[in-house]
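Think of it as A, B and C in the order they're written, each chain with its own count starting at 1.
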Amino acid sequence: MKKISVGASVACLVLAANVYAAEPKDGGAINVVVQPEPPSLMIGMYSNGTTQQVGGNIFEGLLRYDKELNPHPLLAKSWENSEDGKTWTFHLEKDVLWHDGKPFTSADVVFSVDKMLRKTNARLRTSLEFVESISAPDDYTVVFKLNKPFGPFIRLFEVGTMPMYPKHIYAGTDYKINPANQHPIGTGPFKFVEWKKGSYIHLTKNDHYHVSGLPHINDLYWHVIPDAASRAVAFETGKIDVLPGGSVENFDVPRLTELDNTCVTTDGWEFFSPHSLLWLNNRQGPMADKRFRQAVMYAMDREFAKNVLWNGFGKVANGPVGSKTKFYDKSLPNYEYDPAKAKKLLKEMGYDGTPVRLLPMPYGETWQRWAEVVKQNLEEVGIKTKMVSTDVAGWNQKVADWDYDISFTYLYQYGDPALGVSRNYISSNISKGSSWNNVEGYENAQVDKLFAEAAVAFPDSKRQELYSKVQRQLVEDVPVAWLMELEFPTIYNCKVQNLIDSGIGINDAFGTAWIKQ
Amino acid sequence: MNLQTLLYIGGRLIKGVIILLIIAVFNFFLIRAAPGDPAKVMAGEAGATDEVFLQQLREQFGLDQPLYYQLWVYISNLLHFDMGMSYRQNIPVFDLIMDRLPATLLLTGTAFLLSIALGVLAGVIASVNYKKWVDSLITILSLIFYATPLFWLAIMASLFFSVYLGWLPGFGMETVGVELSGWDRVIDIALHLVLPATTLGLFFTAVYARMTRTSMIETSRLDFVKTAIAKGMTPSRVTRKHVLRNALLPVITLAGIQAGQLIGGAVLTETVFAWPGIGRLMFEALFQRDYNLLLGVFFISSAMVVLFNLITDVIYCVVDPRIELSK
Amino acid sequence: MNIIKTLSQNKVAMVGFFVLAIFCLIAAFGPLLYDGSPWKMVQRPFLPPFENSNYLLGTDTLGRDVLAGLIYGTRISLLVGLVSTLIALLIGIPLGAYAGYFGGWVDELLMRFTEIFQTVPSFALAIVIVAIFEPSVYSITSAIAIVSWPPVARLVRGEFMSLRSQEYVLAAKLNGQTHRNIIMREILPNSLSPIIVLASLMVATAILLESSLSFLGLGDPEIMSWGYMIGAAKTVVRQAWWLSFIPGLAIALTVLSLNLLGEGLNEALNPKMSGKREN
């Protein structure tokens, strides 16, 4: 058994090797699109994508993750795990100041994780059940004691999952309505200046940032531009330097990337690895039959969707775990596009032409077009499909109430099957009223057991074995119809250097970015 | 202005307040009929949540209370001039609206004045030159602008003047990131205003032009106009004194309606041009089920309509003395 | 008879009439001639018009036949436009007529009722209605009708208010004619011309409104309409301008022909304008 000690000695924030030989220059402003306007900048309280994008530059977690999802020091300069995998000790950076000038200490960590995040972050709350105690032996040391060697623990310290909040501001208050939420105080490279609702959010350089020499940028403007075409225009006219992934319509991507001085990257989504799929309501109608679900997989031309709708970005998904997520099994079989096979399966099960309702995702043109493609695919093998149209609220209502037959969705994987995958398949996660759990109603005791064991198995090789098993089982059962591992290209003006620098991409990009003059 | 008129206006205002309350109740129920609630939306956008979080949100918003109680709270707050808090933004609704209102009033006000001035002028010119080429040109142009989808025109205009020619800014109300003040700022805003105000105004310009033209032509055939001409009045004097005055009646009706829609009428334009106004605020509030915010926007625009209906009737009376204001 | 004769002499109106008639024919029989779903992906995406004789107007973002979409869209666009306007007129004319004619508390009551509908910003009200009942042809048509009738009521009321003090109305009253008769026979015909102009504009507005709703993502997902086509093409307007241009042209043509016909009707219907009254 290898020794589990993953300390890092140098406080090195730049994760990837800097491919630009040029010396980073200080100064300048970067204009970024933020779409949609976030409800709040309180990362960890709101997990909305844009809350993370902006908030991730104000707040910080203890660690950062590179594109292979390996942890790197940030607020914690080093850490170690005990032999049994149950005690984690973190050593904090000294001389870190909150934006209001107060020092950052272990008390803030204990408060953030044990008090505040337990209340405000649903996703973390589930993982914290493995944490027995959190203690601070001194001002710069924090010890987490686990009740089991929870495998994905080291991947919980990302800023969107476990951001650090200032105890001196939040302790003893109602976190949700603390006035500081409107003027967030973090430790990050940028300080909040102003949020002109409906227009822009302005952040400015944190002069007392704990990593010396950073950030390079003086000002960061996040612009709210509600129309996709206008966002594209804004980029073309040079008013916008960075279009985060998903902020322009996919149809605009090829044209924009061909513009002069325009760079594009699909990096920076490794941690999330958005996995798109169709929830098939296993409880009712033809979807209750495994052969129908398999037929859906064979009926869909997912390569077409990838090439036409996603500009060839991304990868057709062949199972529940994304290929960039830990413990992905490369040897899984794939469902090829095979309408004949689909028809055969439908005939075999005696599908009587019962119409199924298809719920598209209300997130814009691409998703609508995708639903149209899938509908056409399904109709061509003889599945009668009725498209239901609805908005975000209606979609959530229907999905949460199980009032659907087939519904589009996509789920983040958060780097580890125990964090982002199992939630969609284990039967204990079937609960009406939420749209992000086991909505399809798949129940399989074997799968439940495998996921439960894999989460706390030790070491990783044991976890891999269990996860491979469960992946095979799921691919055979098709509880949901997997579509694609999505890639959202970030499009930016090439003058912006060293932009995507971690596995969460734009969410903590600007601390290290600089502008080539 | 005599006492009778003042009494009339006072009475109308009282009735207006009652109407506004009825509307608030009506809107309250209308919006609640939509599927989903703000907690669902916020949780849904968040991508991960559980029932605990939803319940926390609902408690925080007061949505766990019975509906009649929520209505009572809302109406009684409204009577104290309190429109509540925006669920999503955690800011008083009034502040949010006041933050956005100037932008919308600037945009729609400009478009309104532009369309009335241009439209009536074009309509008069066309009718005076009835069946001549000027008339045909104005008619054709107004038909074209009338027939073109507004959002399409907006995108095209933005493409052409902003991207292709690079003459005008294509989105936003101000250049962000540059601190401007005084006249520089005014000019900057004015430049940003050109495209949205023009596209928004063109549609109504076409409507006014058609309305004025038709109405002018009709009125000029009326007996009293013929009488005036027979009495030896010059045609231009007849046009000004009699025809225009009477022909403007339908135009005034329409203007009253348009003025009432000043706040809410610019959703599309504001969307395409990213104009930080209230139309978009309303659209977003709607999809986020931000009930208080949506009701607040509706309330403010309701107040505008009540006000403008009154103004329309008063102007109507001034223009056409045959109409009595009150009994 | 007189009306049709007058109308048929108006060349511009006849152009409008014929264009509209062609659209109506397409709406009625087009789908019969063109079998197959307009949603079917038949060719490579973004095929420009006039390049492939099988798909004369090219294909859209997913490779669907634009011409097929146009043909199927004609039906629904016209239907939404006409039906919603009809409903709006059926609500608006009686309300406006009674309010304007009787005045007093009737006027008060009806106008307060109208005000409620006018107070909510109309486009937003339409959006709310469509959102609540979920986007479908029915919810869209109803929403358009519900937001379109107040202007009719107000216009009719204005006309009635101004006409009810006219000599011929007073004369009719003195003759002991019933209110119903006076409204239907004396005042309504004399206020028809602005109503017709407004109605022709309203059909057009309804078609535009439907496309605006689609633009914002509130179209009926089961039905191919011009509004949907523009909405779906808006994001690619710069790569493939024709995808929004073609259905836009169809809309513009329909609206234009409606207006021409409306104006022709106006001239034919209105005795004061036809110049035949003196004869």
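As a working rule, a contact is a pair of C-beta atoms (placed from the backbone, for glycine too) under 8 Å apart; a residue touches a chain by one contact, two chains touch by 3 or more.
These are the chains along with the protein names UniProt gives them: A = Peptide/nickel transport system substrate-binding protein; B, C = Peptide/nickel transport system permease protein.
Remember, predicted model here, so these are calculated numbers, not experimental data.
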Comparison of B-C and A-C (more C-beta pairs in contact): B-C
Most centrally placed chain, judged by C-alpha centres: B
Intercentroid distance (Cα basis), chain B paired with chain A, Å: 41
Euclidean distance of C-alpha centroids - chain A vs chain C, Å: 47
Computed distance of Cα centres, chain C from chain B, in Å: 21
Set of chain C residues in contact with two or more other chains: 131, 134, 234, 237-238
Junction residues of chain A, two or more chains touched: 229, 390-391, 394
Residue list for chain B, restricted to those that touch at least two other chains: 34-35, 155, 159, 271, 287
Touch list for chain B against partner chain C, complex: 15, 19-20, 22-23, 26-27, 30-31, 33-35, 143-144, 146-152, 155-156, 159, 207, 210-211, 214-215, 217-218, 221-222, 249-250, 253-254, 256-257, 260-261, 263-265, 267-268, 271, 279, 282-283, 286-287, 298, 301-302, 305-306, 309, 316, 320, 322-323, 327
Of chain C, residues touching chain A in the complex: 37, 39-41, 45, 61-63, 131, 134-136, 217-222, 232, 234-239
Residue ranges of chain A touching chain C (in the complex, touch as defined): 228-229, 232, 249, 251-252, 255, 304, 308, 360, 362, 364-365, 368-369, 371-373, 375-376, 379, 386-391, 394
Contacting residues of chain A [partner chain B, same complex]: 29, 31, 36-37, 39-40, 46-49, 119, 122-123, 125-126, 176-177, 181-182, 196-200, 219, 221, 223-227, 229-230, 233-234, 236-237, 239, 390-398, 400, 411-412, 431, 433-437
List of chain C residues in touch with chain B within their complex: 103-104, 108, 112, 115-116, 118-124, 127-128, 131-132, 134, 150-151, 154-155, 158, 161-162, 165, 193-194, 197, 201, 204, 208, 211-212, 215-216, 230, 234, 237-238, 244, 248, 251-253, 255-256, 259-260, 263, 266, 270, 272-273
